[in-house]
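After the structure tokens below, expect a handful of questions from me.
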Amino acid sequence: MADTPILSVRDLNKSFSGIVAANNINVDVAPGEIVGIIGANGAGKTVFVNMITGYLKPSSGTIQFNGKDITGIEPRDATHEGVCRSFQISQVFMTMSVRENLLIALAIARESGTAMLLPVDHPDLTDECERLMAVYKIDQYADSTVSTLSQGIRKLLDIAMAVVANPKVLLLDEPTSGVSVEEKFGIMDIVMSALKEKGTAVLFVEHDMEIVERYVHRVLAFYQGEVICDAPPDEALLDPKVIEFVIGTDYHSGGAQTEAADA
Amino acid sequence: MSSNLFKLVGRTVLAGGALAAMVATGPAIAKDTINVGIASFLTGPAAGPFGVPGRNGAELVIDAINAGTLPAPYAKAGFAGAKMNPIFVDESGGNAKQVGEYRNLVEKRGVDAVLGYISSGTCMAITPVAEELKKLTVLSVCGTPRVFEESNRTYVFRTQAHAVGDSIAAARYVLDKFKDQKGYTGINQNYAWGQDSYKFFDITMKKLAADTKASDNPQFPKIFAGQYGTEISTLSLDPAKLVHTSFWGGDIEAFVLQALVRGFFKDKQVISSVGGSAVDSLGKKFPDGVVMGTRGEYGLLVRNKDEPLNKWFVNEYKKRYNAYPLGPSYQYASSVLAYKIAMDAAAEKAGGFPTQDQTMAALKGLSWQSFGGKVSLSLADGHQAVHPVGYGITKWDKDKKEPSVSDVKFYAPGCIYAPAGQKSADWLAAGMPGAKC
Amino acid sequence: MQLITTMLLDGLSYASYLFIVSVGLTIIFGVMKILNVAHGAFYAWGAYAAAYAIGLAADNDWPDWSGFVLIFVAAILVGIVLGTIIERLILRKMYHEEEVLIVLATFGIFLILEDVILLVFGVNPYFAYQPMALLGSVKMGGIIRDVYSLTLFGLAILVAFGCWYGLNRTKWGKLLSVVIFDREISLAMGINVQMVYLVTFILGATLGALGGAYIAPTISVAPGFGIDVIVLSFAVVVIGGMGSIPGALIGSLMVGILRAIAVHKFPEFELFVVFGVMAAVLMIRPEGLFAPEKARRI
Amino acid sequence: MVSMAWNDKTIRWAIIGFALLAAAGWLLPTWILNNVMFGLARGLAVLGLLVLWRTGLVSFGHALYFGLGAYAVALLEKYGGVTDVFLKFGAAIIVAGVFGFLLGFVLRNYRAIFFAMLSLAFSMVLYGVLVKMEVLGSTDGFSVTQNTILGWKPDGKYPLFCFIVLTCVIALSAVQLYLKSALGHLTTAIRDNELRVEYLGYSVARAIHVKYLASACLAGAAGGAMAMALGQVDPDSMVNWTVSGELVFITIMSGAGSVVAPFIGAIVFEFIRTYAFELAPQAWQLIVGGTLLAIIFFLPGGIWSLLEKPWAKGEADNG
């Protein structure tokens, strides 16, 4: 952690009518760093992501991005700053085609106001759109209505739409949940290679420890709203607290993964 | 499609040519039947007490004229010899709808004339359209003086006197009969008719009895509101004894029912300018002692008038519809009759079937003996009728088991209308100069 | 003082009327999530049925008090017949549709029922003043009032209590709250949701009809008087919170009393008051003053 | 801009169709001309509702803007003596626009039934004011009889008809271009998923505000055009909740498939009503209500869905 952190979280707390969902969280993320967020259901992972991206306002604490305080800003302003996210349940425009989804995302991402007035089939937007679909390998579904596509494709689209605004920090909320086992690594390979060139810092929530082991530089383990471990993966996955409260003993004994993808 | 279009063009051109040829004064092509739109409330709260009796009155007289069974001097069959085919249309649904329907009557269904209309609101709305479409329109019931006082009309006539006379006569009647009344108030509907009715009653009272106190809280509920509990409370709290109302249709009936149980009529002297329908429909429930008008020599006030035309009308109406003719029945019948008289006269003068212009010329300034009494189109350059307006006091006749009125007094037109050429408001403000009572 | 008493009594009596009319609307919305425009037609049908029955009774020299029985009989009959027909034939096929479409369908039903009234009962007004005449009048706050309008107050309390009891103290009420909370879960639990909907709709329709039937003796029952009732009860229900029975109570009281004040002191604002309050409440508390607590879904 | 409009197939055909309509108007019997004119005027408001509907919003109070437009025209003529069609029409749009802009700040935060109810409340406030105020004509309303075009007083309604046709073409083209733009695609996007739109960096509230303003202006234009075409304004025909209900009815009847649909639907509606009224003066509501139910049950895509197939086929043929 030699560089100045791109994201810096200090003493972050959040409670919902008495229930503590985030307890004194302190995290720094360096530019380009890949961070895995793990924890059982209800451990506070999504709450954390929601606070960073402005969906929830923290009860106390600060979030700094690139030296600027972004605590409690609106999601759209977080996006403008360069903090983007994807969702556990893909948040895409279900009645539109993949291409239309991306075109809208691209038009919004253009800083100039007039981009919104251009017809969506304007070459300014379409060229970039075709390129993105190729990178994320969803070009063969370009004209399909999203509601007819598999979860895996929707996830890819969801992530592609989050990347359109060229974020400096990208938060992926369970990018592989609800996706078939065969698709999982495929998706992660596509996403990670696409992001690598850009030097984007990525924080992703994940239940599958194999994926965590393969892609991350660092692991944040959550339990009851607290970060109980913040270390490189080889270290973190052997931490007794992590084993007890997060991954269970089955993982290292080679048993089947206990935790099903979130519903 | 294209051939139809072609025919249409051809027809338009032909019609235009025919029209041009006809512009000269000669008589129009004789017709066996004429189509006339007759508008009244067929749905909504005013249908039962006003619209349908009005429609029936028109229907009765149209059938009699078509068959030639009307008593002398109107026994000649037909309208300038033609049978009238009435097209009855509904007046409810708001002014804008009525304007649209009026256009349809004239432009789509090609009527020769339009008769009827009850609400002052509708009359105000369709009058400019009638002028625009240049279609002879005879208004039957509506009362607001604004129709003719706001601007001169060419194509619109009204065979019913306007509301000013009803209000002046009401004021004169109460001042004649009830000297000491500690002031007056009113409950009237919040539109042209109600506003005008109370306004003119108010001004007349101020002019004729300056010491009588006007209430500072007269009520103006929305038309067809139906529930008047709160308004009745307000009126009850008011020290004024006289309560003027121009409620009509279902509103007067609802008001009477709700006020009756609360002993309102024991405390207050109510003057109703047009509540005649309620007297019949409520029967023995209707309180005695209410000052009741029928806006002319119509309905209750002339029920027993011994005149051949009136007797014929009352008897035939009763026979056919199993009820006494109400004010609107007379008013619609009167419009139909005036139209016949004008058509016949115009036909005689032109020596053939009359054009609309010829009929209008004959209608202008017409004076005729109608079913209840004499009516003259003497105001607004011969377009606006005047006739006597009377009031009486209601009393349930136990022996005959039907309503009756006592102390009936009619006021002659000269007493209650501004002379031709003067606006009613100005004339009233000047203290009704030249009124002959 | 006299004025205040009068305004209060007028307001309470109008509020009672509003409550009886709108409580059915709020129950249907609460359970079925349907904003039922046809409610105005139930009201009109109730009034017609009651007026017709009371008139018939009077013609056959039944005692005047029979009118009170007939009012309830008429309301229940109208509720069962119209409620069943509409729910079974039309609404049941639409539950999966968008809210708006259902509202529009009820609008269509309203238009049809309005004209069917004309075809069945004709255009002549009906009078059913016997119950009102029977109860006579009483002097309160310096002016004479009719006892009948005061009984509205009692009926409103009765209806309110009945609803409260039914919902909170009976098995049926518990069933209803499950269905309100989550339709899918109740289906999974084996509750006959279709039956619950049907009964709810009939109940709502009966209450709407009761409003009309009870008011019938005081008015001239004539075509077209259901239209204004619709928006008026919408206003009441929205102010209190759609689907909430205590809300309908509060909404009725607010509208009733404010309107009474307006009629006495500022007649021009009579209508403005009602809808002004409705807009204000929606702006400040969109869920209404007494909205049932909703589970937040992420 | 103009070439962009002409390149759009819908706009191109609409321009040709409306030009033919304007030409046919010269020959049409007056009553048909009138009904078409009323239909076109109402169609403008329905077009506005269509923009909202595509976002998933339904206003049960658009009679507010319809009425504001109509009354702006009537009051301007009555108290200001203004007769010029352009001025009156402009005033209708501006008045509706100003109110739409201001109320938009409130309504943009509302969805679903709450949006519908708050719109209804606002429109009924206006209704309550109009009905009770004598200076505003109370239930009678006003006549609108003087229509001049740049000082010329035409005889007959044909010039006004052409003016309304022209307005409709402009409005329709503008809405079509808008819907094709990224901003317009946001319409559907917002209906699908507001959360995502926010996370993409666009303010949903602002987007809805823009749409609301546009639909208010269109409804105001519709009211203004209607007032001039009909020659009469009054609260029950222009502002009451039944008018809003009718507008929503026509929207559903037309179908959301095309910007042309509102005009077709509104004209059809006008004729249904005319004939219902003529055939059954005591039961015309029954016919209108029955039509509504029939459309909901048997033609859920509206009238447009009947035309859509041949239209799409034509599209395919054109490549």
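Here are some notes:
Order of writing sets the labels: A, B, C and D. Residues in every chain begin at 1.
Methods note: a contact is a pair of C-beta atoms (placed from the backbone, for glycine too) under 8 Å apart; a residue touches a chain by one contact, two chains touch by 3 or more.
The model shown is predicted, which means the values in this text are computed figures rather than measured ones.
Chain-level centrality, scored on Cα centres against the all-protein Cα centre, points to D. Among the other chains, A has the CA centre that is most remote from the centre of chain D. If each chain is reduced to the centroid of its CA atoms, chain C and chain D end up 33 Å from each other. Separating the CA-averaged centres of chain B and chain C is a span of 38 Å. Here the spacing of chain A and chain D, counted between their Cα centres, is 44 Å. The multi-chain contact residues of chain A, meaning those touching 2 or more other chains, do not exist; every residue touches at most one other chain. Residues of chain B found to touch two or more other chains are 42-43, 220, 222.
For chain C, the set of residues touching two or more other chains reads 115, 118, 123, 267, 270-271.
Across the whole structure, chains are in contact as follows: A-D, B-C, B-D, C-D. The part of chain A that touches chain D in the complex is made up of residues 53, 74-76, 79-80, 84-85, 87, 91-96, 100, 103-105, 107-109, 115-121, 125, 161-162, 164-165. Note for the complex: chain D touches chain B at residues 27, 29-32, 34-35, 38, 131-132, 134, 138-141, 143, 145, 226, 230-234, 236-238, 240, 274, 277-278, 281-282, 284. Against chain A, the residues of chain D that register as touching in their complex are 4, 177, 180-183, 185-186, 188-189, 191-193, 195-203. Listed in rising order, the residues of chain B touching chain C in the complex are 42-49, 51-52, 92, 217, 219-222, 224-227, 229-231, 233-234, 236-237, 249-251, 253-254, 257-258, 260-264, 267, 281-282, 285. Across the complex, chain C is touched by residues 58, 60, 106, 110, 112-114, 116-118, 120-122, 124-125, 127-129, 131-133, 241-242, 245, 248-249, 252, 282-286, 288-293, 296-297 of chain D.
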